[in-house]
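In what follows, a structure is listed as structure tokens, so that the remarks can point back to it.
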Amino acid sequence: MSVKVAVAGASGYAGGELLRLLTAHPGVEIGALTAGGNAGTALGAHHPHLVPLAGRILVETTAEQLAGHDVVFLALPHGQSAGLAEQLGEDVTVIDCGADFRLTEAETWVEFYGGEHAGSWPYGLPELPGQRDKLRGSHRVAVPGCYPTVSTLALLPAVQRGLVDPTQLVVVAVSGTSGAGKAPKAHLLGAEVMGSASAYGVGGVHRHTPEIEQNLTPYAAGPVSVSFTPVLVPMSRGILATCSAPVAEGTDLATLRQAYEEAYANEPFIHLLPEGQWPQTQATLGANTVQLQVTIDQRIGRVVVVAAMDNLTKGTAGAAVQCMNLALGLEETVALPLVGVAP
Amino acid sequence: MSVKVAVAGASGYAGGELLRLLTAHPGVEIGALTAGGNAGTALGAHHPHLVPLAGRILVETTAEQLAGHDVVFLALPHGQSAGLAEQLGEDVTVIDCGADFRLTEAETWVEFYGGEHAGSWPYGLPELPGQRDKLRGSHRVAVPGCYPTVSTLALLPAVQRGLVDPTQLVVVAVSGTSGAGKAPKAHLLGAEVMGSASAYGVGGVHRHTPEIEQNLTPYAAGPVSVSFTPVLVPMSRGILATCSAPVAEGTDLATLRQAYEEAYANEPFIHLLPEGQWPQTQATLGANTVQLQVTIDQRIGRVVVVAAMDNLTKGTAGAAVQCMNLALGLEETVALPLVGVAP
Amino acid sequence: MSVKVAVAGASGYAGGELLRLLTAHPGVEIGALTAGGNAGTALGAHHPHLVPLAGRILVETTAEQLAGHDVVFLALPHGQSAGLAEQLGEDVTVIDCGADFRLTEAETWVEFYGGEHAGSWPYGLPELPGQRDKLRGSHRVAVPGCYPTVSTLALLPAVQRGLVDPTQLVVVAVSGTSGAGKAPKAHLLGAEVMGSASAYGVGGVHRHTPEIEQNLTPYAAGPVSVSFTPVLVPMSRGILATCSAPVAEGTDLATLRQAYEEAYANEPFIHLLPEGQWPQTQATLGANTVQLQVTIDQRIGRVVVVAAMDNLTKGTAGAAVQCMNLALGLEETVALPLVGVAP
Amino acid sequence: MSVKVAVAGASGYAGGELLRLLTAHPGVEIGALTAGGNAGTALGAHHPHLVPLAGRILVETTAEQLAGHDVVFLALPHGQSAGLAEQLGEDVTVIDCGADFRLTEAETWVEFYGGEHAGSWPYGLPELPGQRDKLRGSHRVAVPGCYPTVSTLALLPAVQRGLVDPTQLVVVAVSGTSGAGKAPKAHLLGAEVMGSASAYGVGGVHRHTPEIEQNLTPYAAGPVSVSFTPVLVPMSRGILATCSAPVAEGTDLATLRQAYEEAYANEPFIHLLPEGQWPQTQATLGANTVQLQVTIDQRIGRVVVVAAMDNLTKGTAGAAVQCMNLALGLEETVALPLVGVAP
């Protein structure tokens, strides 16, 4: 028996990645595919890699078109999910890949996104302790941002066990350009990004900072502060996050490794690499995995954690499917690749 | 009931891609993984994307290590397959990704590769008319070169129906650098290939020329001649072949399109794109597909066919698995992705 | 004594490259920099590499702003030059990087560009026999398209000496994406072009075809026909053109090489590489050079010429400065790099 | 009157970049070009972009070949400079692009490089306060490492004025792959690096850490400690360093900006960008410049400085030429581009 799913925003990158994964999902029937300006055109014109769905015609993103589905994925620009979600029945499983329902504090929302806070939904990071249970059977899920996912997973075991000072967390994350979306902007043109690395959104504080802090705070002994800097590099997909923090007194490398081994021993998608092997994003391309390595720089006394992830898979669409599996009571790992596409 | 397979040359690019596909194959148990200089190391050190096999230790490439398997894939440097294959039993299904058994004419072999001609095996391009039947149940398969696969498939329908003059075929194929293998060479360094397109192997005639001619000749009204030029461009995977030939008198675009539609109507992996849409390699990345478009340049009177393909998937490892499926009497399409990974 | 130059369209790629070259030109004073939508902003916001001009404010592209300069470069979208040029005095040297004045035949113009034919100006390819003299002192210059420049230079010596059949010229040219300009379009986004090669503009005939034919025809024994296919590859700059044609009877490689050596012996920017060395675009990056290699594929009887060039330098802005030097009676090579930036 | 210069290690990336700059230097005559394994081959086979020198034959790297020059640049693998330098006369100006003479402390040298400490030469970073005078007339110069150059310049004004806590400096620097040299290694192959970001050399401490600390310590109020992580990204050239440190109490953004403005007001190559504009490596490609931006993340209380630089130009060969100019009493900026090549 199949579950009928719709994807709103099917012509964008998150929508395309959702469909790539969903076409391989045995328990799913793909229903309405909606779009904004691209409504009326064939999916294959936007995503020629989605061969089995290439002839599908995109329809307008409206509550009417999305009605009659068991699951609705929202892969829309930030701010567009809330209004639409209201019109979808409470019995529909709605999984939002946007930012609208990620932050719990209304005040923080207003500071970083502006406008009215729409509320918060169960947060789609099953690897947070206790979170998996909250997602099982839930009819609403807020999929995390890609930067917060990788940063949280990289820092959580160290923060949770008190192995680092959580008030001086520093994250520098290099990212491929698909994370910035498919809307044409001059600074995202191929000629601009190829052969160049650039910082952006550094002035003030990045929107993802409060989300990382929100994720880590419940597991920390005290207040959590993160300095987060994203760097755009010439690749389509992938995030490599270099995270560091002052090491707590008495913590040695063995203790640190053990914390990560234990934290992720039963996590199907989170992998601590063997000692001496450092993460590369290519190994996670198209997979729902995060690859981690940890060390301590004794000279300065900082823990350094490096994490690689595909921003579109575990960072967005893979997480969304993982949450759908949990929400529907399916096996959590169905249709989620462990194996990346490399080289 | 599982088939036990070994991969010789598992630390190279073709070996890695074979394993990426085989880990998703329900009818296969992965046995020995062999290597040359990398024997004794873990597979994960070379292919960190192959998560479920990362801890496997590579063993020496010898007939002993390969014994006891139902299927042996050879992903070795050109010239190393023949000696090894001799030592494998006739009841073992041996699928060679190298060039050793591709050419039928001993004289041509000697001209282009030198040394002794080892013979020829059933040619692993099931899309050639009649070829599928020769591969069913075969215990030996020679997987085609990547350039010949895409060039042959791009030109075959036009040649077979006499819509072009087969004596003036021109193919210019741009390729990612994984096709040149993983042995470190200065001209393949990242700093050399990024930001640069280069011709290579143009002086004299490329080794793939006789293979393309051999493929097309049986279906042509007369002699077949190809001018083939490969161009290296800054991407890891993918071939885009631009093929042209003088149009036969009286051929119009409708006839040409019909020839391609009919030729590939029942082929699961070969897709003629809708009119107006041109191929891009990204749409085939990691998939076993070929995407085609055709036109006639009336001004000069030439048919132009453009074809996109992943050199490691349909161009090598995907073709090998497709041939294994046929050889073993399995469903031909098992474990072969139709959907690429984009962007 | 300095010549005062203005650049119309300074925030685009051609404009930026003009300014990169002009800042190193000892005989030039840089005057007005104009733009369309970007008027009112600082040049440095668009071209942070142009350090000495970063604080300059862009003004509106109008005849008033361009008045009072000795030389005006037009680096505008196709179709915008003609109207503006009319308003500039006949004593001003106007160098148009757009297509408006390239084609001599009104009928061909209408077929390929539509609208009214504005006329034709002296064609800015000094390497055409006799052309240099026409450019000396000229007050109007039409800078060639980048594809026609490299294709013409690659084929001219063979065509002129009758070493090939000019009715079956085939050009496949891979190009970086800066050639498509800086206006944001979805298919030019970094995530779309990185890791992908794509054909475009193949249906029907590319606009550059008639320009190549127009260039070669005066030097050919008979009619000239070109099949031209552009391929977009993941790099910012550079064109690698693979050109071939049926070899004329009796032509051997020595004769062919001699033709190219003699044709370009005195050309400062056109270089035939030593035998056995094939062109790569990286070697011409930022330089005003074209690197060539030739061979004969005896098997099929075709001459193959491969040429590398930077589309923004010799392909556009470098050619424009070269023409300015000629027009003003300066040394032709001033401010034009021979040395590329590699790797 | 010309100065005669030799380049040892001319076929590598640093050697090639030195020659690119030196061909444009009006006061220089290029003499011997030496190599190791590539001796006997033409320079153009390795650096086809160096058109005017393409026919030059590389000779063996020996003291004999280097004799008779006024200036000798050493662009050799680490550890090879010391032995050679000993054999060059004291009146010869020797500029070493390797690491041999960078570190002042023998103990630190042994810890990070092993073997015997060869000593230390005047450090070729003229932008360090007082350093310019030490380089004028010097016959020996140790060119800094590329990472230390950009990290030092990014942090110096804040450290020198006491605006940050120098014991918790964190640098994450993304780099193109030319910094790793031209010796073929599997992990530097194009297919490995394109589409991937990877951490390396994180375990233990990177060799560049003590060099950064050595540079900053004389200007700091107390001990200096740096956590340094390099990240390899898919581009040929360029470093983007994200540097942060706890802000000193009472420091506001205006004070911070003023410190940078004043520190670099008279530096021809170091540029603080206008507020709101963040560095990108492309803007410095091929130029001898560093572009900087600074901010304070008040939420966590850290100063963040981002700096872009070309690792081969200001990071190596440009710095070497700048030091040669100083050593010879020439204008410091001769032959050093301010303008980058973009896009």
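Miscellaneous remarks
Going in written order, the chains are labelled A, B, C and D, and every chain counts its residues from 1.
One rule holds for everything that comes next: contacts are C-beta pairs under 8 Å (C-beta built on N, C-alpha and C of every residue); 3 or more make two chains touch, one makes a residue touch a chain.
Because the structure is predicted, anything quoted here is derived from the model rather than measured.
Here the chain-to-chain distance from chain C to chain D, counted in touching steps, is 1.
Counting the residue numbers used at the interface between chain A and chain B, over half appear in both copies, so the two copies meet with largely the same residues.
Once the centre of each chain is set as its mean CA position, chain B and chain D turn out to be 44 Å apart.
Each chain gets one centre point, the mean of its Cα atoms, and the points for chain A and chain D are 37 Å apart. Shown for chain A are the residues that touch two or more other chains, namely 13, 178, 191-192, 194-195, 234-237, 279-280, 282, 285, 342-343. Chain contact summary for the complex, chain C toward chain D: residues 13, 16, 20, 23-24, 42, 44-45, 47-52, 178, 194-195, 236-237, 271, 273-274, 277, 279-280, 282-287, 289, 291, 338-343.
Considering their complex, residues 167-170, 172, 174, 191-192, 194-200, 202-205, 209, 225-227, 229, 231, 233-238, 240, 242, 244, 246, 275-276, 278-282, 285, 293, 295, 297, 299-302, 304, 306, 308, 342-343 of chain C touch chain B. Across the complex, chain C meets chain A through its residues 13, 176-178, 182-186, 188-195, 234-237.
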